[in-house]
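These notes concern the structure reproduced below.
Note that the chains take the letters A, B, C and D in the order they are written out, and that residue 1 is the start of every chain.
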Amino acid sequence: MSILVDKNTRLIVQGITGNEGLFHTTQMVAYGTNVIGGVTPGKGGEWVLEKLPVFDSVKTAKDATDANATIIFVPARFAADAMFEAADAGIPLIICITEGVAVQDMMRVRNYLDQKKVRLIGPNCPGLLTPGEAKVGIIPGDIAIPGNVGVVSRSGTLTYEVLYAMKNLGMGASTCVGIGGDPVNGTNFTDVLEMFEHDPKTEKVILIGEIGGNEEEKAAEYISSKMTKPVAAFIAGQTAPPGKRMGHAGAIIEGGAGTAVDKIKALEAAGVKVAKHPEEIPALLM
Amino acid sequence: MSILVDKNTRLIVQGITGNEGLFHTTQMVAYGTNVIGGVTPGKGGEWVLEKLPVFDSVKTAKDATDANATIIFVPARFAADAMFEAADAGIPLIICITEGVAVQDMMRVRNYLDQKKVRLIGPNCPGLLTPGEAKVGIIPGDIAIPGNVGVVSRSGTLTYEVLYAMKNLGMGASTCVGIGGDPVNGTNFTDVLEMFEHDPKTEKVILIGEIGGNEEEKAAEYISSKMTKPVAAFIAGQTAPPGKRMGHAGAIIEGGAGTAVDKIKALEAAGVKVAKHPEEIPALLM
Amino acid sequence: MKLHEYQSKTIFSKYGIPIPKGRVAATAQEAKQIAEELGGRVVIKAQVLVGGRGKAGGVKLAKDSAEAEQLATQILGMDIKGLPVRKVLVDEASAIDQEIYFAITNDRAAKKPVMIASAAGGVDIEEVAATSPEKIVKVHIDPLLGLREYQARDVAVAIDLPRAYWKDFVKIAMSLWQVYSGTDAILAEINPLVITKEKKLIALDGKMMIDDNALFRQLDLVEMRDTDEDAPSEIEARKYGLSFIKLDGNIGCMVNGAGLAMTSMDVIKLFGGEPANFLDVGGGAGAEKVAAGMRIILTDNNVKAVLFNIFGGITRCDEVARGILAAMNEVKPKVPMVVRLVGTNADEGRRLLENANMITAETLADAAKKSVAAAKKGK
Amino acid sequence: MKLHEYQSKTIFSKYGIPIPKGRVAATAQEAKQIAEELGGRVVIKAQVLVGGRGKAGGVKLAKDSAEAEQLATQILGMDIKGLPVRKVLVDEASAIDQEIYFAITNDRAAKKPVMIASAAGGVDIEEVAATSPEKIVKVHIDPLLGLREYQARDVAVAIDLPRAYWKDFVKIAMSLWQVYSGTDAILAEINPLVITKEKKLIALDGKMMIDDNALFRQLDLVEMRDTDEDAPSEIEARKYGLSFIKLDGNIGCMVNGAGLAMTSMDVIKLFGGEPANFLDVGGGAGAEKVAAGMRIILTDNNVKAVLFNIFGGITRCDEVARGILAAMNEVKPKVPMVVRLVGTNADEGRRLLENANMITAETLADAAKKSVAAAKKGK
């Protein structure tokens, strides 16, 4: 077992004929992910990699392939539509890799998807990797090996560092979930921690956070009240200069400044071991 | 028992200081309905009938009175807002008497309320009457007596005819529900039939329909497949000239012409006795 | 409220939907001038708020401005289904490759707007729906989210629209959604939406219906109402907020509530009479409205008796009685009047009418029978 | 993207929110002229994209146009928190009865827009939130439904706004919602919204921030961007779609991914170094972007070493390597370069750089240590 994706995932790719879509479809197929087709409006009937049918819409793709997951590689200005389309077509798991989606679009998407009980990962995320079973995203497949550590991260390439450091120590991952760094996204730390807590294959968890927002603090709350599995963490941005603030209103809304220090304090209070640099994390769980 | 409203209903009135709102609040209070206050923006702090506090918003009214039902008497152009406001304030039962609400407003209201699991009766309806317990609407209280017949109707004054004819024969009602005649509304025949089917106090049911739409046909389907209690019906508009049609598209969407003949046929096929004129209905259940 | 083709297409154009070049004309002379300006062949189209004008000969092709004048003269002299043609639309003629049906309307059962499309456009779409329902595509629109482009693309796919037209079709669909939601339309219909020989998508014909309940926020559209085609009595009724439809019988009816008004007609017919009208005075009808209703009923010379059936709820019977008295004072009716008052303030109402020389009734059946009898006597 | 007060207020006014009469001036002479046109007392306000200008002396009251000119001269010569004042807003002075805080912004935790208001406006609202949170009212807005009037009324009730102002306040709130949603704002703030002695509600000050990711559909706003206040290197970086922030250290960094870029800075510091910048080349960075990034880093004379830390995913290491080679050919850097390539096409990338005389590293810690050492040597 694992969470969200595995050998039984039947994946379609929205934007499959675009540069990024095609490149990563190739990588996912090479990894052994069960990619069963893709969508590019206007290119229905074409084929990709000689064996993957292209459809004009998610609906026709779903009807023809019975896909149960979709990954989105379309340009930012079309990403909201792609998510609405996937949700309306009844795809229960949507992974949106696209970065730069407008935040008001994302608020509409999130509020709409919540009505439909659809799971969205991302946007602006590296996607999912269940080593040895399915790579649904852009995490390089060869940097992780199967194992019992669940990884969840707001960052992209920083996650790769951690997976790579794990592999170098012979430590494997059950599933790695990149939730993305956007202010409004589909899935948060707490959602994923809950899945890991209930996943028999996952025995330990690594959480990779960064400055801004208060999702790490919420995760700490969940960990201290609900989690039985050990968690190690790293928070990026400990030395970052104060970022561009959202003005006064942002601070009022978010309650705190979202600094690394606050987050580390909250996590440590919840019994989480927090690493000084990312390559140090795996050792904290050994 | 009864459905939707009874002695325990704690009712507020939106538009309580308006002409209609005030008149019918007086009537409802005189009937013994547990009216506990009202809302008119800008008139918070005033009193109506010397004992009913007026609030500026549904939220403040709900906070102060813990109302569990609201009745709306505001002008049509403000009705959608009044329904949204009631739903957002967490009132679980909304009765909208107002007629003439724009249909696109009602589609937005209905789709929003469905997310909130709020029960809306109306708009453009006479409301609810549980004889002897609560009058929540404009049905004259003295034309009905308590009993075991559930009444549900799309029409206003036609319902009064039927209640009055019942009373003249000594037949009482458990609850009378006026669902309203608008194309898009909150509660349909089938919803109410289901409530009556499960209400121990209701032993028989009267359904009063009219031409247009296909709710009577859906009700017939429910009656034939799920209902154990006897149902009698009347359909208004048997001799009406073909109404103003919504153009071709309307007929395509609605599937049929919504004629009285079709509706009567469907109901009779479901075992419902259909009256020739409204005063004849009670006799069909005796 | 229905809009004429030329009005609908003006709105379409304002929202970015391509329409043929053309203008409306009230005289053959104007039509000729428009045809001259357009050059080439033109189509002369009768502007009446009723379907089937093509079959009735209300749409003709003219090869030049002289023929345009001649055909406009002809069409402006026509009656279509009882409606005189007062205006014609003179449009540049299009060379047509394919005709598509495309509309956005309300689906009352689904509580949502819906797009309807068919590759079999132009002809009677209702017939297509009846005989080949598989040729009709329906896609619902979330009223809170609005139409999304992929939904329009889904429609294009489903009606087998050639790929080259998808982009334009999506644009037209998004515009039609703006038309529908921006004007509080009940129906925004393009039939046919054509692919021309020049490979363009054009809305060749358009039909719109606006929600009367939303006119308070559509003041521009109110001015478009064409009252020429309504009976004067219906115009007068609308002025007082009464819902009135003239019929062919001889028993005038004034009832509160649409359902009860229809039922009163049903019961009159059940007992052998013929209603002269449908008249719903509405909820909370005051004396002024009632008086106006009575004047409207009595201007119909066919009326041999009048039935008042008022079941007070929001409407108060005493108010109605005052209205009846006021109207009787003014109109001095010569026909017998049957009155039935029940419900809110009915006692007070009956007391007010005691000396007014009216036939009273207890039940609806009784009232119907008495008015049928009175009308027969009055003949 | 931040907007100046005068820009924000122009937008407010376009959407129907009342603002004081006034105009922006770039010279004291212009300021004088505007003050003459306005007559009476005016306020001269420094236009800088930073808070606290009032305390810094950037806002002054002038009793006439002569004083306006004098004060404008003074303010236009100022630096506020390191930013030179290039423009002043000259506004008619208002007589103030009450100051209210009112804003619409995003609540990322709730995934919804939110209205924030307080009767304690004008002053530092962040301080109010910290010391008297009960004085701050928050009402969430459904992003699919939009703001409804009763929600604005709820806010008016909650901040004890006198009843006489409710109508105007609701209008302003509905307009501010239109501002927020129509401009893809992250923040649309009126602080203070004042009640004047003349019993009017006016937006005395305004602040807006626009979502950079939405600028593709806000082309009018793009033109409002004030690049005067950005470092030239940041402007150059933006041109290439790079996320760049100049810092005070001496180790230049080029990293892909914001999280990893921050982490690389963290680790440099952990091992005793000081980063010269934050630079995220982004996902899928091609050779051209990498070359631009390198040029931008090397224009900073403080830079004594450069660390490239690229973990290939969407970004391909071979592309990055090509970018580095291209830039080296062009810029001929004199400082040592530490390169770490891992992930997608890393082997190919390393092969390309084999002959380029660069220090290579395996781990991030290793790379950080080597660049810290190299920078020390370079001093």
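Keep in mind that, in the parts below, a contact is a pair of C-beta atoms (placed from the backbone, for glycine too) under 8 Å apart; a residue touches a chain by one contact, two chains touch by 3 or more.
Owing to the predicted nature of the structure, the values given are computational and were not obtained by experimental measurement.
Undergrad: What is the distance, in whole Å, between the centres of chain B and chain D, each centre taken as the mean of its C-alpha atoms?
TA: Result: the chain centres lie 54 Å from each other.
Undergrad: Where the CA atoms of chain B average out and where those of chain C average out, how many Å apart are those spots?
TA: 27
Undergrad: Centroid of chain A to centroid of chain B, CA atoms only: how many Å?
TA: Each chain reduced to its C-alpha mean, chain A and chain B end up 48 Å apart.
Undergrad: Return the residues of chain B touching two or more other chains; collapse runs of consecutive numbers into ranges.
TA: In chain B, residues 108, 112 touch at least two other chains, as defined above.
Undergrad: In chain C, what residues contact two or more other chains?
TA: Touching at least two other chains: 142, 144-145.
Undergrad: If every chain is a node and every touching pair an edge, decide which shape results: line, ring, star, complete or other.
TA: Contact pattern: none of line, ring, star or complete.
Undergrad: Which two-chain combinations touch?
TA: A-C, A-D, B-C, B-D, C-D
Undergrad: Per the contact definition, I'd like the list of chain A residues that touch chain C in the complex.
TA: 41-42, 44, 56-60, 81-82, 84-85, 88, 108, 112
Undergrad: Which positions of chain D touch chain A when the two form their complex?
TA: 51, 103, 105-109, 111-114, 116, 124-126, 129, 136, 138, 142-144, 181, 184, 186-187, 189, 191, 207, 209, 211, 213-214, 216-217, 245, 247, 255-260, 262-263, 265-267, 269-270, 275, 278, 282-284, 311-315, 342-344, 363-365
Undergrad: In the complex formed with chain D, which residues of chain A make contact?
TA: By the definition above, chain A touches chain D via 19-20, 24, 27, 76-77, 97, 99-108, 110-112, 126, 138-140, 143, 153-161, 164-165, 181, 183-184, 208, 210-211, 213-215, 234, 236-241, 246-254, 276-279.
Undergrad: For the complex, give me every residue of chain D touching chain C.
TA: 144-145
Undergrad: State the interface residues of chain C toward chain A in the complex, per the touch definition above.
TA: 142, 145, 148-151, 153-154, 157, 163, 166
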